[in-house]
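Here you go, one structure.
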């Protein structure tokens, strides 16, 4: 069975160790949530998986369907099927959303094959409608002048258009009001399937009411210290993170 | 100016060396160096009237008197050796080169850039397969019906002196600068165009249609007069590299837009990297007229070009839209000169430059709005994008405003494609080079749109090609 | 008349007076060298890039003399008549480059080792320290000849040194007055903020009478590691006077330097301001306001020089031009090869109040490094019709509305000083000037 596996990952940034032996496995078809207090390493995990150059991997493995991602360039990992929905998506002036998506899709086609423009636009408009994104956004530069909510929705649109094998959502809910949150969750849920896995990184439990996870993991000081079913999220909400600080080891 | 072999510059055709030679026997050759004899030779070959011969001689003495402007311009100018240049060469008839003589890499570049067949021959200097005369005559006939005159400089001054003589050398006087003086002494080739009142020429007139035996016009002289209410778009140059054995290209372009007329002059310059490209371009806009320069500079070793507009009539408009790309060993020194000489005139300058590798781009601008005028406006925006740490960009504008009835605004910024942007795009599956290209194209996007469609597609591809080798 | 005159005059094109016996040798040599240098360099020409647009005819050097010593009859009245700070940490007064009245410095600070003395005194008592910093900055914006003139003829100035870790919460003040016909003064200000220190300096240059005079001053400011300094200079010499002032700041590692220059007087002014960011993390703010009227000509040349990475600079110059006045602004930002991650900004805004004023702007950039954010902008506009209209719809009459807008225009730069009492002084001087101009 295909999976996303992280084994004993140690990573640092600016000489400071952040991930200190993180181990996690997300089988295809499942949605796993990662929660943790600020500074636990949640964003670091996302960036390290994507291959951000500021982060150094000291040891450990990240395998996608058995293949090590760590040796690959950022874009290679993406083409292998990894998608990162950024917490703070970058703005790209002068490059329209439509052109950007086309280029991203084109990058996945073999040399010489061209995108069918008509089919592409049709698909894009359909998915934009599902997410409640106005058509005029196709011509606007990527994320330029977008509100927080619009940016997050744009991330989900890109995910829907690129159909990754594994999607890592880095605090997708931050900065969203309840309506925007519901729409984003809808988009994500529509993509849940046996062929796809999700890693949802979040600080608050609220998102998980809409994107219901199969498993919840707690990240603390760079390691997973506890895993459990979705109810674990509710427990955390009630009792706070201090409750888990007793160095409990991961079960399973 | 050595090429960094690690840069993997994909335009691997040896742009610096121009290491292919044409075996052509030139019928007319003025020999090396510049003297009054050279001028006599040129005048004789062309059968010029005395007043033109005198004009040339006067210009030569002005040229000798003037200093090289190295106190503000690049010192690289000092490496021009005026004695080792041939100032006039012509094959007499169409040169006989064959497509087989063209180097393979060159053919490949044309392929990658998607240059149409017929242009390839022209650019490679191949005449036999390109029926330039026929193409040219077709265009000429089509517009002649509207009363448009479209000839070369010699023909213009000989056959239509009544129209052209009065403006010749008036928009850009001989003594304007050292290189306009040089051009005034040895000019040949170039386009002389007259559009009668009210005629709106639908299709752009192109320089390459105007081929004649004086190939690769180094000292082109162009004069375009668009009469009242008429309109014209003129294009010169192309995106593919132009392989040039001549090292000095010093052209003069004078535009005259009469009342309510519109002239749009589009240039894409992509000379090989051994060429000094020093051009003086100026337009004169009368009442409510508009002169627009759309300029793209990609090639050459050093380009110095500051298209200008003198807004002489009330309500006139001047605009310069400029894109410059400077790669290793290149210096694009460009800008704009806007001289307001009447009320309610408006000028607009948008300049975007990209410095790649060790390329250097410089913006020099001048905006002048004198006293006793009212209602004038200028807006200047110049942005520079740096791709690598060794690139360099400079901005030197000068804006003079007198009086409180005007407003001017100048904004400039320098930035580089940010690491965060590249990371974001790579995470969507684009390679580093593709991400860079997208960003760079995004940077110049709204300007590229000003170019006619055929050019804008090629331009984008050319920018991609230039970027490919320089990333990493 | 407050003052009486003494004889003994020396034209400033004659060789200068010998330096006092008791001054250190290095200083005396420097003075002599400077005079040689002065004679070797050519006078600036309009065709020099660095003097582009300048009207050099106005600058004549005939008949200018080293300022004579004058007897000050009523110092206290003089002091009281000038707008200054409510509270200060120390004061020094000069008339024609001579110290009048004993300089003062709060005991609290002198105990901590703060030095605030006339230069003539500091040269003797702190020779080595002064030598480290005295005129170590290159005059690279075109006035090398004047820098040499200054070094050769300077009579006095002040040395302000704040030792490591010391903070002065209140500014020190220095007053320069000039009196007499064709008098020239060469005030020198040397300010050094030690590591981790912070201080503020306010300096005023004023004419006592309406005579012709010439002021050729140099202010060098050095901010060592982690220091913070604010320097304010206000010039209000007579309408017949001329002034050339060279200001330099050198910002060390993580330091924060800020300078503010106000020009109101003189018929001709040239200010050169060089700000060097020599330590990583340094930041420099360069502010100026000028209000030229009649036929005043103010020429401002600036340079923001980034030599190290992660440095930032921000320049804001605002000019309000009346009558036939003229301003020239030439600002350059240079980012050297090594200075990655530099943020540099430069803005010059001109408000044109008459038909016949003239504003020249030459904002420039030379970028050689990577990952930099730089921008510059220059605008020249009349008072906005829209804004005027808005104020009028609130019942304000046009002349008053115009005044309000003009004041608001310059206030933006003043607000950036970041110290209430310094801002108050500047606003006071501006207020007086705008009142005098009235509703033109």
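We call the chains A, B and C, going by the order they appear; numbering starts again at 1 in every chain.
One rule holds for everything that comes next: a contact is a pair of C-beta atoms (placed from the backbone, for glycine too) under 8 Å apart; a residue touches a chain by one contact, two chains touch by 3 or more.
Predicted model, so just to flag it, every value in this text is computed and none were measured.
Steps from subunit A to subunit C, minimised over paths through touching chains, total 2. When chain pairs are compared by their number of contacting C-beta pairs, B-C comes first.
Annotation: 56 Å between the Cα-based centres of subunit A and subunit C. With centres set at the average Cα position, the gap from subunit B to subunit C is 45 Å.
Annotation: 49 Å between the Cα-based centres of subunit A and subunit B.
Annotation for subunit A: no residues touch two or more other chains. Residue positions of subunit B with contacts to 2 or more other chains are 418-419. Taken together, the subunit A residues at the contact with subunit B in this complex read 50-53, 73-75, 77-79, 83-84, 86, 89-95, 99-100, 103-104, 107-108, 141, 158, 162. Contact residues on subunit C toward subunit B in their complex (touch as defined above): 49, 52-53, 337, 340, 350, 352-383. Per the touch definition, subunit B reaches subunit A in the complex via residues 418-421, 423-432, 434-435, 438-439, 441-446. By the touch rule above, subunit B contacts subunit C in their complex via residues 71-72, 371-372, 384, 386, 388-389, 392-416, 418-419.
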